[in-house]
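Consider the two complexes below, in which chain A is the common component and chain B and chain C are the respective partners.
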Partner chain A sequence: MLLKTTKTALLKGIDQVLSTYQVAALTKQDSRVLYNYVKTSHDIFWGCRPTVLPPKKFFFPPHETLLDYTADGQIIAKIESKPLVLFGIHPCDLRGIQILDEAFADLHGDPNYLERREKAIIIGLDCHQTCDQDSFCYKVGAHYAKTGYDIMLYPLKDDQYLVEVATDRGNVFAEQFLRAIKGEEKELEEYQQAKAKAFESLKPFKDLEKFPELFQENTHHPVWEHEGARCLSCGSCVMVCPTCYCFNVTDDWELNMRAGKRQRHWDACMLHDFTTVATGENFRPTATARLHHRINRKFNYLMKKHGQSVCVGCGRCVRACLADISPKTIAEAINGEDEKEWN
Partner chain B sequence: MELALVQSNAKLYLPEPARIVKVRNFTEHEKFFQIELLRKGSLGHDPGQFVEVSILGIGEAPISIASPPDSGNRFDLCARAVGDVTKKLFTFKKNDLIYIRGPFGHGFDDKIFQRMRGKHLLFIAGGIGYFPLRSLINQVIPNAKNYKKISILYGCKTSQDRMFPDELKKIHHLSVGSNVELLETLDHPEADWTGNVGVITTLIPKIDFDPAETIAIIVGPPIMYKFVLTSLMDKHMPKENIYMSLERRMKCGVGKCGHCQMEGVYVCQKGPVFNYADVEHNEELF
Partner chain C sequence: MSKKPKVAFFDFTGCEGCQLCAVDLTPEQLFDLLALVDIVEFREVMTDKAESYDIAFIEGSISRKPDEEKIKDIRARSKLLVTLGACSTIAGVNALRNFYPDDKLLHLVYPGHPEIDRTTIARGVSEVVKVDAMIPGCPIDTHEFLRVVKDLLLGKKPEIPTYPVCVECKMNENTCVYEKGIHCLGPVIRAGCNAICPSNGGYCFGCRGAIPKANIESMKEILQKYNLSAADALDKFKLFLERDKEIFPDDKN
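And then the complex of A and B:
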């Protein structure tokens, strides 16, 4: 279903939503843009700017309690979840959410992630240009959102928006909170044509669909050592990645020793001891091997599984990396797009 | 896409209580624990699978199941005290409670049992690699008639490091006039040792086997695999006739946390029991 509305109507709608739901959206804090809970619709930042952390934190928080237990052996599986509206999610992050949805529902359904996800309504906001020089969403086709949203907004001129309602849930939500008129398919077509034109010169990776095979064949390409030698193994790239979901699990007693918690925390395959076992063996002891692993998760191992690039080209890891390592540089070396001599 | 999407599992991270019903010391660092779930049900595992053992306030650790599936409501765990959980576990006595999730992973399933039937089984165990292998060895020995022959090669550093010495003795006795044989070797033997001396691969030439009719099953320390595989390849053993159990760091046991992923393979899902032909090109596994 296609509708059309104005920014004023959207703002009003969000203020209404806030009486029943928590709303998280892009917000501006000093010079940075962050996903955060908003108190009123005026807290929302409407521009096209990359956030420091991706929205995965709302479904897969940096720290969470999995179990609460007492010393006498009462154990309760714990899930903290509240109805949430995620507003203004850009296409790269929608792709990231879709991949996490699949990862957490694959084989064994992760109860904590899936319950939070189930209670969320996602409202996307399309981008008609790249956000900065570090983003490369167009290289992996993630500047278009195909799925992963309940409602998608396409910005038109004069603060007007086309509203694509994609799910039943989105429909109920739009009926309840959004004042809108019928949208014309023709307007969406015109919007898409203008967007295609804006991205015309920005081409996808050469041979993107063959990346799993190309990366498999190029395990010993010199780019790995070249980039790996500079890697500081700080794990920042993992923390800011919308599709990294590794975690560690720890137990903590309260000081009175009568109760404790089992918690999970974001972990990073780029950290030195990620694969170290109790006997001291480390199965991925070098920064080069760890960089190879992480980038192969994006363009090979998990790409095979998800049927699309697991790197969404948001550029967050590029901005966070102190050594200027970029998946784009590596991919362009592997597919020969850069025509550079790496030896 | 290779995804198998499923509904949320509310009990995915919730362990169940179990009682330690027997404890036995092997060495200062290795112990045997017999476990019974409080619900008095069977664990329902395949040989080669593992459980996540929880100690509240300390954490979880993946530990191989050391007993065959048909051991009633009890199952055996053997551990070396090296990490936080195993060190704490070593202070536990009979009747103490631990918590269990699992069984997890891919073990010796019906498909592998079908393949093993009528074949010569060649077990190659190094050190405490005997623990996970025991779940299969103790399953096949009572049914030895189903197999052409069962050869067990077992290598340890010293005679103190031989696990289940009483069971080894029984297998030695059994081997007279049967199709079961046990060959042992020690790296650093004491003066009274009359058996073979040297690393595990020195036993392989002593076994008479037809590679096409033999299934080899290997478990040992990480360093051992490369050498054993080379010896078997020299004997022209088909790769698909080799199974091995490869353990890695595991936190969740259910293919999420990422710690055990070696190249594209989650060891806790596709393993710990692998067919060599499936993973021979996985450089991170070897």
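And then the complex of A and C:
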């Protein structure tokens, strides 16, 4: 279903939503743009600026308690979840959420992630240009959201928005909270044509669909050593990535030793001790081996599994990396898109 | 006689801040701790002495001849010996004295006291005796101290992070201070402080010591890329890390 509305109506709608739901959106805090809970619709930042952390933190927080336990053997599983409206999620992050949805639903599923995700309504906000020079969503086609939203907003001129209602849940939500008129398909087509024109010169990766094979064949390409030598193994790239999901689990006893908590924390394959095992061996002892692994997760191993690039090109890792290491640079070396001599 | 493990605290060259952090507890925490261990020696708060210890916590650097004998004696009488804070773990700020010759230094710090005539260079405890575990930081973090105590009592190897401050800094959603033109050692420094400095308007100056296998060459290049001269970049590392073998592996005496 396609509707059309105004920014004023959206702001009003959100303020109404806020009496029932928690709403999280892009907000500005000093120089940072962060996904955060808002108190009123005026807290929302409407620009297209990359946030430090992606929205995964709402479904998969950096730290969470999985179990409470006691010394006498009681175990209580814990999931902290609340209904949430995520507002203004850009296409790259929608794709990130879609990939995490698949990853956390795999095998027996991750109840903590899935319960939080189930309680969320996602309202996307389309981008009609790239956000900065570090983003490369267009290289992997992630500047278009295919799925992963209940409602999608397309910005038109004069603070007007086309509203694509994609799910039943989105429909109920729109009926309840959004004053809108019917939208014309033709307007969406025009919007998409203008967007395609804006991105015309920004081409996707050469041979993107062949990346798994190309990366498989190029394990010994000199770009790995070239970039890996500078890597600090600081883990920043993993922390900020919308599709990285590794974690560590710890048991923390209270000081009285009568009860404790089992907690999980974000972990990162780029860290030296991530692959250290109980006997002290480390399967990926060098930064180069770890970089090779992480980038292959994006463009090879998991790309095969998810049927699309698992790097969504948001550029967060590029911005976060003090050593200027970028998946884009590496991919362009592997597919021969750049002319650089890496030896 | 109580069967609880005997715990003692000793201080060498340091400010005693880490010992204070160790007892900066709520009344409940203090009672819980005392239910688990017997504190048998702790100059800060009591006068008792004991013959041997299950866990000896050592604050401060080894920086005088008599310190060496004293720490060896404590080691011989302790089952486990644990460093408490930067001074005892990596020599910390005390190691700044190592850049001065003795005569110049003593005149500078203790003018008119010729009786103070000898110090050695400042060293971390592990440079003199075997250390079983460490609690880094200037000062230590009380929660980390309690966690290490619990781990040791449970017979576990204490978990001190081997990953750098950047991990915690990113979890806290900070803008990297490099974006504001400030230099930070976070990428090569051991986490566990919850990135307290960069999260509160500062930057990391390395008080928890380097992570194992830190890429110091790349870190130096980055400091220089962000307009720090090679000499200033080196100075950055010297405030806390002069004795840190990860950073300065060769020039040890």
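In the analysis below, the second predicted complex is superposed on the first by the 343 of 343 C-alpha atoms of A that agree within 3 Å, B and C clash if a C-alpha of one lies under 4 Å from a C-alpha of the other, contacts with A are read in each partner's own complex, and residues count from 1 in each chain.
Definition applied: a contact is a pair of C-beta atoms (placed from the backbone, for glycine too) under 8 Å apart; a residue touches a chain by one contact, two chains touch by 3 or more.
Owing to the predicted nature of the structure, the values given are computational and were not obtained by experimental measurement.
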Chain B and chain C placed together on chain A: clash or fit? fit
Report for A:Glu102: first if it touches chain B alone, second if chain C alone, otherwise both or neither.
first
Report task. State whether A:Arg32 touches chain B only (first), chain C only (second), both chains, or neither. Result -> second
Is A:Ala166 contacted by the first partner chain B, the second partner chain C, both or neither? neither
>> After the superposition on A, what does A:Ser233 contact: first (chain B), second (chain C), both or neither?
In response: second
Taking the CA centre of chain A as vertex, the centres of chain B and chain C subtend an angle, in steps of 10 degrees, of 70
*Scan A:Leu271 for contacts with chain B and chain C and give back first, second, both or neither.*
second
Who does A:Leu53 touch here: chain B (first), chain C (second), both, or neither? second
Margin query: Per the contact definition in the header, classify A:Leu322: touching chain B only (first), chain C only (second), both, or neither.
Written below: second
Partner touching more residues of chain A, chain B vs chain C, is chain B
Scan A:Thr250 for contacts with chain B and chain C and give back first, second, both or neither.
both
Least Cα-Cα separation in the three-chain superposition, chain B to chain C, whole Å, stands at 5
Dual-contact residues of chain A (chain B, chain C) 250, 252-253, 257
The answer for chain A against chain C in the complex is residues 30-32, 34, 52-53, 62-63, 229-236, 239-240, 250, 252-257, 266, 268, 271-273, 287, 320, 322-323
Chain B partner, complex, touching residues on chain A are 66-67, 69, 71, 73, 75, 77, 102-112, 114-115, 118, 219, 245-253, 257, 260, 262, 264, 267, 269, 274-279, 281, 283-284, 289, 293, 296-297, 300-302, 304-307
Listed in rising order, the residues of chain C that touch chain A in the complex are 29, 32-33, 35-36, 146-147, 150, 154, 159, 162-164, 166-167, 169-171, 173-176, 178-180, 186-188, 211-215, 218-219, 221-222
Per the touch rule above, chain B residues touching chain A in the complex are 1-15, 17, 54-61, 80, 82-84, 86, 97, 99, 222, 247-249, 251-252, 254-264, 269, 283-284
